[in-house]
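One structure follows; several queries about it will come next.
For reference, chains read A, B and C in written order, and residue numbers begin at 1 within each chain.
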Amino acid sequence: MSRAATLGRNIGHAFGENRLTLVAVAILLVLLVCAAFGSALAPYDPLMTDSTAKMLPPGAQHLFGTDALGRDILSRVVIAARLDLGMAISAVFLSFIVGLGLGATAGYFGGWSDRIIGRLMDTIMAFPLFVLAMGIVAALGNSVLNIILATMIINLPFYCRFARGEVNVRREMGYVEAARMGGNRALPVLVNHIIPNILPAMMVQASLNMGWAILNAAGLSFIGLGVRPPTPEWGIMVSEGASFIISGEWWTFVFPGAALVLAVFCFNLLGDGLRDLLDPRRRL
Amino acid sequence: MTAQLTIEDFSLVFRTRHGTVRALEDVSLSVERGEIVGVVGESGSGKSVLAYAVMGLQDAAARVQGGRIMFGGMDMLAASEQALADVRGREIAMIFQSPRTALNPIRKVGAQIEDILREHANLPSRDLRGHAIDALARVRIPDPERRYNAYPFELSGGMCQRVMIAMALACSPFLLIADEPTTGLDVTTQAVIMDLIRDMSYGQRMSTLLITHDLGLAGEYCDRIAVMHAGHVVEIAPVEELLARPAHPYTRQLLAATPTPRSTVDGLVSIPGHLPDLRQDLPPCRFSARCDRHVALCDESKLPWTSLTNSHLVRCRVPL
Amino acid sequence: MTQPLLEARALTKRYPVSGGKRGALLHAVDAVDLAIAPGECLGLVGESGCGKSTLVRLLARLIDPTDGHIFLDGADTTAVSQARFVTMPDRARIQVVFQDPSESLNPSFRVFDSIADPLKRLRGVRDHAKLVAQVHRAAELVGLPRELIARYPHQLSGGQRARVGIARAIAVEPSLLILDEPTSALDVSVQAVILRLLADLRARLGMSYLFVSHDLNVVRLLCSRIVVMYLGRVVEIAPTEELFNAPRHPYTRALIASIPDPARRGEVRPRLDGSPRSPIDPDPNTCRFYGRCPTGAERCKTAMPKLLPFGNGHFAACHFA
């Protein structure tokens, strides 16, 4: 049976057993559609203000209500999906690649590379991670790129440690020695023979990490260190809406907050589903 | 002699996601007082499953389909968990493969022996330490007072196995079940451990059920051997009889495949085919697909036990 | 006397020990002299911790020795480091069949890829058609059905995986095949098949074997000469039957007496109790077997026995052999 067919059968089983994973995939699809086609789906221009329609509760005209400047919240939530997801995915992707590279090097070669990389990761982890992110963005300036950079840096140790551990375990296995006997030098052994085996587990970690990355990016914006208004972004929207908690205009922060919750929830479920999928004991 | 352990027509299945695995079918076996019986089979033969079932320790997915297991006068399958727990450790003991993993890694060895004594032997607390050290000495561990305070990781594989034997024999059980006790040990250590098991067995008139894949080992240490294949016991005989005049085709091929000091490469026989899938419907003889003596009669009905002599039994329509 | 295919002289490997005394060294392999003739099958036995795995990795040039040399057809392979040796043409001449079939095949490679990889790297086979032909040839030699070549290791049985490991090793036509416990993880019925396959291959392809095993009955089947190791040193070398019938070193005697033999049921035989001494910083003047040996004279404590010839290719390192 081909690899694709086996994978397909495993996916079927994983989803069959875990309905929540299906729910997660559905939510992910919705989010991705919003991110990709937001401008087409949004009923209103997210930046367009309308002083006549300020602070309207959810109704027929504005499904999620309007904010203090009369902007349609639904449109803003939908458009913001692209930015929030985009930042998180970029940061996770970069963390993944760099973390994999550093961790695999440390795990395979050991010695000085392991020590140096280990100290580097320890330095990052010595700080409370969110505070470190704040510091990076504050130092480099508020911009989307810097949020991505900050999120990438604070997530780096996570992937690096994981990759290091996985590579270390496999370094002594028969097939790695066979690869060396087969004429492969160190780098090809690492890249062609070891890394393909650790990628699935790392993808699971990445999926679980996505939720954290989204919260991180939104959190930085929430405290004003990230994306600047009037850019629609879930964190900023929650921040702006938070001032209205007491006065009771709940729709200004609940909907962007719910979007965040939904996104994080979806990625966590996906991660669990992926982990079940890849668990060799449950393989057919 | 009354049999210490009697297994009669015992059948057990595992209910799994991929179907029902008929792990054991109509297994019959007995162990007399003071004898060492070997259960020999390859991987997948069900020998370990049988060992655990005797102790009442089978997997949660296991379902007994029929038969009886009588230990002394006690019906092991009908007994309550309480009664079984009472008997385990005191009257039946088990030693496992990989001794280092079978011992608790964070407790000292002496303390683990004391646990058994405290649970099953009625001894005052102050005597426990002395008895534990005695138990270690009986299995010929050098310097038992010092070893009493050792952790399993400080001891070699052979020493750990001796500690397990000491724990098993601490309450002088009537039956010892040894599940591949020497796999993973060096051949020199294996010889010492097996000698120890044999000496303790005969010395204490203790029955022993030795589970192993090594026919040579069973041949040297057991009084009788039961050969298992794919969940069936196919032959039981006294050891010399089994080795010299095997009656079941599988036994003959297993013997011919096992290297001995007198074998040659060309003389080694391989057994064609592979184990049948125990989830499928199977013919009455599970070896028939691989057997060169297969006839139509083999597929007809459940195989009866054929007595070749008083003590040599075989389940085959066309025994050798 | 023809030049040996592989010759090890004074081969030594010492590892620094962490957590112990400063500068403490673990003597994994100590001053080993060994020679394998072309077409010979040499057995290597010893208990765990005797250094045979380290010796295998040294001879396979997976690790560099601390001291000593390894000559392949007279050329010193230890002149270059193991990292450089990987790229040299001689790399193809020594191959290894590993012990655990479940760990020795890359789970993400199909059988085809596992066998093709060394062909691509060591033999420079680039043409796809040629590659396929050579992979099929290797599979055929080991009796692996063609339809299994597209499978992944987890879809194969233990015996099939063992065959793939052998196919991978012989695909590059090595002169020396090192077999590190190739059948210990297999059932006896499968083992028989694999052993016959190995004997057959050696006859057909003319390779030399270094056969490492803890199962002395198996070693006896295939090997013409046997080397016995203890705590990093060679203690005895002899032709097979002579080793089994007339062993000279007390350790070898104990080893052979420990083999389970139904024909000797109930016999009281010499048993070797206890465990080996520590391989860390051993006393260079004391026999490594002293203390566990039934003989234990003053001489054993003050002078390390050398490997002495006893005629007919039989060597033993014991003052009282």
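FYI, a contact is a pair of C-beta atoms (placed from the backbone, for glycine too) under 8 Å apart; a residue touches a chain by one contact, two chains touch by 3 or more.
Note that this is a predicted model, so its numbers are computed, not measured.
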Which neighbours does chain B have in common with chain C? none
Let me check something: if the centre of a chain is the mean of its CA atoms, which chain is farthest from chain C? A
Whole-Å gap between the CA centroids of chain B and chain C: 33
Whole-Å separation of chain centres (CA-atom averages), chain A against chain B: 53
Need the CA-centroid distance for the pair chain A / chain C, whole Å please. 49
Which residues of chain C touch chain B in their complex? 47-48, 157, 187-193, 195-196, 199, 214-218, 220-222, 244, 254-255, 257-262, 264-265, 269, 271-275
As the complex stands, chain C meets chain A at residues 57, 60, 62, 83, 86-87, 91-92, 94-96, 98-100, 103-109, 114, 117-118, 121-122, 152, 154-155, 165, 168-169, 172
Chain B residues within the chain C interface of the complex: 42-43, 140, 142, 156, 158-159, 186-192, 194-195, 213-217, 219-221, 239-240, 243, 253-254, 257-261, 263-266, 268-271, 274
Please name which positions on chain A make contact with chain C in the complex. 1, 3, 173-175, 177-186, 193, 196-197, 280, 283
